[in-house]
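Paired with chain B in one complex and with chain C in the other, chain A is shared by the two complexes that follow.
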Partner chain A sequence: MAASSLEVEGLEVVTRAGVPILDDLSFRVAEGQALGIVGESGSGKSVALRATMGLPPAGTSVRAGTVMVGDRRVPAGSVTPAGVAMVFQDSFTSLDPTMRLGSYLAETVARHRGATIAAARSRARELLRDVGMTEPELRMRAFPHQLSGGLRQRAAIALALATDPRYLLCDEPTTALDVTLQARILALLKARQGAAGLGLVFVSHDIAVVSQIADVVAVMYAGRIVEIGPTATVIGSPRHPYAQALVAALPDLDRPGTRFLSIAGTPPDPSEFTAGCRFQARCGHPGTGCDQPLAGLDGRDHRHRSDCLHEDTHPAGRAS
Partner chain B sequence: MRTLLEVEDLRVDFTVGAHGRRRRLRAVDGVDLVVREGEILGLVGESGCGKSTLARTLVGLQAPSGGRISLGGDLLPRRRPAAVRKRIQMIFQDPGSSLDPRHTVREALLAPLRVHRLADGAGEEARVRELMGLVELPERLLDAKPRSLSGGQRQRVAIARALAVEPDVLVADEAVAALDASATGAILNLLADLRTSLGLTVVFISHDLSVVRGLCDRVAVMYLGRVVELGRTAEIFARPRHPYLQALLAAVPRVGAPIAAPPLEGDEPPSLLDPPSGCRFRTRCPAAFDRCVTEEPALVTRGGALVACHLADRC
Partner chain C sequence: MEGSGWRLLGRRLLQVLPVLGLLLVVVFALQALIPGDPARAIAGPRATEAQVAHVRADLGLDETVTTRFASYVGRLAGGDLGESNRSDVPVTQIIGQRVGVTLSLLLGGLVASVLLAGPAALVLALRPRSRAAWVIERVLSVAINLPSFWVGLMLATVVGLRAGLLPVGGLEPGLGGHLRSYLLPCLTIGISLSPFLARSAATSLREVVASDYVVTARSVGASGTFLFRRHLLRNALPPTVTLLGFQAGALLFGTVIVEQTFALPGLGAEMITAAAQRDFPVVQGLTLVFGLGIIVFNLLADVAVSVLDPRTRTA
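Our next item is the complex of A and B:
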């Protein structure tokens, strides 16, 4: 039997004015698997995670969709599904500023496991050690403002792991961190994925980071998945012009060029979303039929494909 | 190339804590640095290493506690008159907060011209349009407010505003850190082009080593307030001598490569309030030995680069 999975189906998120940010987004991640989602700001990647957790961003609401964890089905947007936890980019807001880290963690553990405070504190210490803190006792006595960004982010991951989740949604968890810390946190998440069979959804704008952690990559643009597939295939031979441009724009430490590549223009605002290809205004080689309505790709199917009608006609790796 | 900006034994102190528990924190501790005319010098290091404080001190936003800064051979006074201030300009990480949300692009560009009395009447409008051309922004955006601009466009406005006073040096503090991958490249290319077309000198602060590798001629690596390695980017990135630079480079995520957790000891850089004795990096250094505890390594020349490590010859 296939591993149990987290499945999000038909997610629809709208602004207060009724403008859809996501329409009919679906994705799946199995236990022990890592799904990476890449895209620019405004592509809807963070909104998708938050809506899955039942925490849509302020000013938006979930109009449709279901979340299935194993065989338990809940409507998206109203409740936090059991067994799923999330790590945010800004760890300061996920910790309680009035509580010492140890008490906050222990309380979460006690509530979740029904453990005694002493047992919960010992579990909290273990969690902090797991996320790479060398002096957990010292850190447990600290308030969030007394911790550096790197320690706070690790505390936030410990907090998310305190509920023994089977799936962890990570929204740019390392973007604000130095490379040394970033590498440690990635190694930590990867180890959890391997040893504990944690299912990871890892959202980032940094393709290099995603390439290191994800088994499957979905590229999002303007609220839709425009390309998906096994990581090495998508990054090695992207088919959608947007994915090709993103890969080409990546600065390479080992092979620096004389010019940096970029994608001209900006992504459309949700109020300008069209039924056809939403990338066509920035596309280096639009063809006929780009106005035909597209459904966006179903992220539950991890085979490599793009929703560009002309993916066979433009050479792989060419950027606009 | 001629030396344009010279920093000697620069120190910047802050007082932290309240009442009876005031303590001195030295964010920049004895930095010597030369910026050559027309070069792009990178400044890298982890958060808290003092790179932003150094940048703010170069621009005059922060007063030094000791040491000297000279520009074109002239020693800069502690309090800089307007004519000196305009020669070193700065752009910031988040142009969303460094631009006034109520001002149009035109107003943002006119302000420095008026403050420094650089143009008037018809000359003003011509100069504003020229600046828009310089940063490759369409003139139709002159009446737009920052809100309606993309991150990349806002950063271009910030660059144009800095260039309005024709500075000798542009200091860019994490200028692309808040931008999307698609906009980052265009801003970096613009900085490289401005260096060529205007002969602009740029001090580029960043934590992204891949970006620094592609843009900067030389790079200075800072750790806990000091420069630990300095040299031509291509050279020191290919052959890093300081264990800290080696760790930084090893940690950069690379497509297709496995995650490489850096071989650093401990979970945190030590506090600036209580820096380690001897070599400041020794508490995290995988190669530290007795001499590192007692003796601080000096910056010495090794193979065309400067490096502060007792093992410089062996690395």
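Our next item is the complex of A and C:
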């Protein structure tokens, strides 16, 4: 393996009642690489990130899996593997309201570097500049509620970077922002990826956003990766009916006035997960064998593949 | 930011003014609510009408209500709360001699309730499925319904009289004696206040533990006592401190009962004696002090919350 990488293998997350939300999910991202994970809410993409951090959502727990950070093996479920940090979706609720930005950053730096408070504070200022904040001295003294949405999300990214991560897990970091801010935050993440050689895992329901930042895209449906591959090929010639529908749902600026496409129905609840293809109920052209047990794709392999048995028989780029 | 803390305190004090005015009116109006004619009460049962009229004029009771209220406020402003009907001792002096006992009880009671409620809340919030939490939950359900006079009597009977471990009446001399004498009374207040505190603290702590920002804090490596001190406690405390402010009245009432039970020479015991003897100026003065106490207590709770939670500072 050329670059060092973050590898998650066989991740299994279950609810308190024992219902699996993720069964046997694996993915890999190399340093300096960006892996995008797309899927609608309930597909398990956020849960996958939280579980990787060892902080599964309330009411769920990590039952199996391993996390490899470089050549260090961490059992899945151990809290915050060193070298991995996470940016959360809603910076309004994810930053401690009682903490000044400067103290929060400096304490985090001090914890991870063993630095003195003075050194940690100067590193904190540097982090704020890195995420594009002007007047870092002023921002250091601010509480989260005194910052605008865009600045807060930058602060949240600075906080994640304060742990000197090699890999950054981003859970819909731009969803709560307007389009202009979205573009700025994406540019910022891309710049950090380039400058620091960060490996990014970027989760979003928005395939357009993911396509702007990711080198490799994994499409998740009902707890499984159903299609994976280099971003251009997945967007250009999706093979799985679900991925095709997602791509087709993208508004086309060249043909204004056309109706937005939507996929009929809703994704299954984890308690209704079956061993076979989980998309077949909503699929435009189910065929024979769709009930056969499927393993789900191994996301550590980035070659373009889909999980659909009939991927060769339906026309690319158009779902019903 | 630091300057706005003082501005906030100033604004809160301004908000208190109307409440203060209302308190003065109510305390003044107590006169009218008390059965019987104060002039006749002072002059005695065998006084003639003329003597009663004389006393009435002496007290200024023949003036209009507004004039009397104005002169009452005027005397208050000069630090004059009148004199006791029984002893002619100034009411301010009576209060001065006894306020220390009541303040000690309040402070001790608060400390006791925090010491009792704190660990209980921690177990309830952080180990909700444990056996200890189950037991604590049951104990709280019972304790929340125990009247403080009964708790006081039980403590006095069992710990004080049967076991003879601690004094149950009056203040023993010396610092050690004082501390020993305050132990059971403060524990009584603590036991009656802590169930509310424990429940409230456990609820807000549970919310904070499940919050997004605590997940974030853990994701950047905060754990153990650091996580607790820096992220959990500061966020969980404000609702409990606010509740404590609301409990100010109950707390003061608690001291009245406890002082009576344990024969402590505080404001509450004096209030009961004065009321029984129809010593009106003392009752009026003490009512004013208790009212002021509740106002100050709430003000302190407000300030404490704004120190803990920066979001309330700009509001």
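Points worth noting:
In the analysis below, the second predicted complex is superposed on the first by the 314 of 320 C-alpha atoms of A that agree within 3 Å, B and C clash if a C-alpha of one lies under 4 Å from a C-alpha of the other, contacts with A are read in each partner's own complex, and residues count from 1 in each chain.
We take it that a contact is a pair of C-beta atoms (placed from the backbone, for glycine too) under 8 Å apart; a residue touches a chain by one contact, two chains touch by 3 or more.
What you are looking at is a predicted structure, and each value in this text was computed from that prediction instead of being measured.
Shared-chain residue A:58: touches chain C; no touch with chain B. Of the two partner chains, chain C is the only one that A:95 touches; chain B does not reach it. In the superposed model, B is the one of chain B and chain C that contacts more residues of chain A.
Using the contact criterion defined above for the overlaid structures, shared-chain residue A:183 touches chain B, although it does not reach chain C.
In the superposed model, A:214 makes contact with neither chain B nor chain C. When the two complexes are overlaid on their common chain A, residue A:245 makes contact with chain B while staying clear of chain C. In the superposition on chain A, contact is made by A:85 with chain C only, not with chain B. On the side of chain A, the complex with chain C involves touching residues 50, 53, 55, 58, 79-80, 85-86, 88, 90, 93-99, 107-108, 111-112, 141, 143, 145, 156, 159-160, 162-163. On the side of chain C, the complex with chain A involves touching residues 1, 210-223, 226, 230-231, 234-235, 308-311.
Interface of chain A with chain B (complex): residues 40-41, 132-135, 148-151, 154, 178-184, 186-187, 190, 205-209, 211-213, 232, 235-236, 245-246, 249-254, 256-257, 259-264, 266. The part of chain B that touches chain A in the complex is made up of residues 46-48, 150-153, 180-186, 188-189, 192, 207-211, 213-215, 234, 237, 247-262, 264, 266-268.
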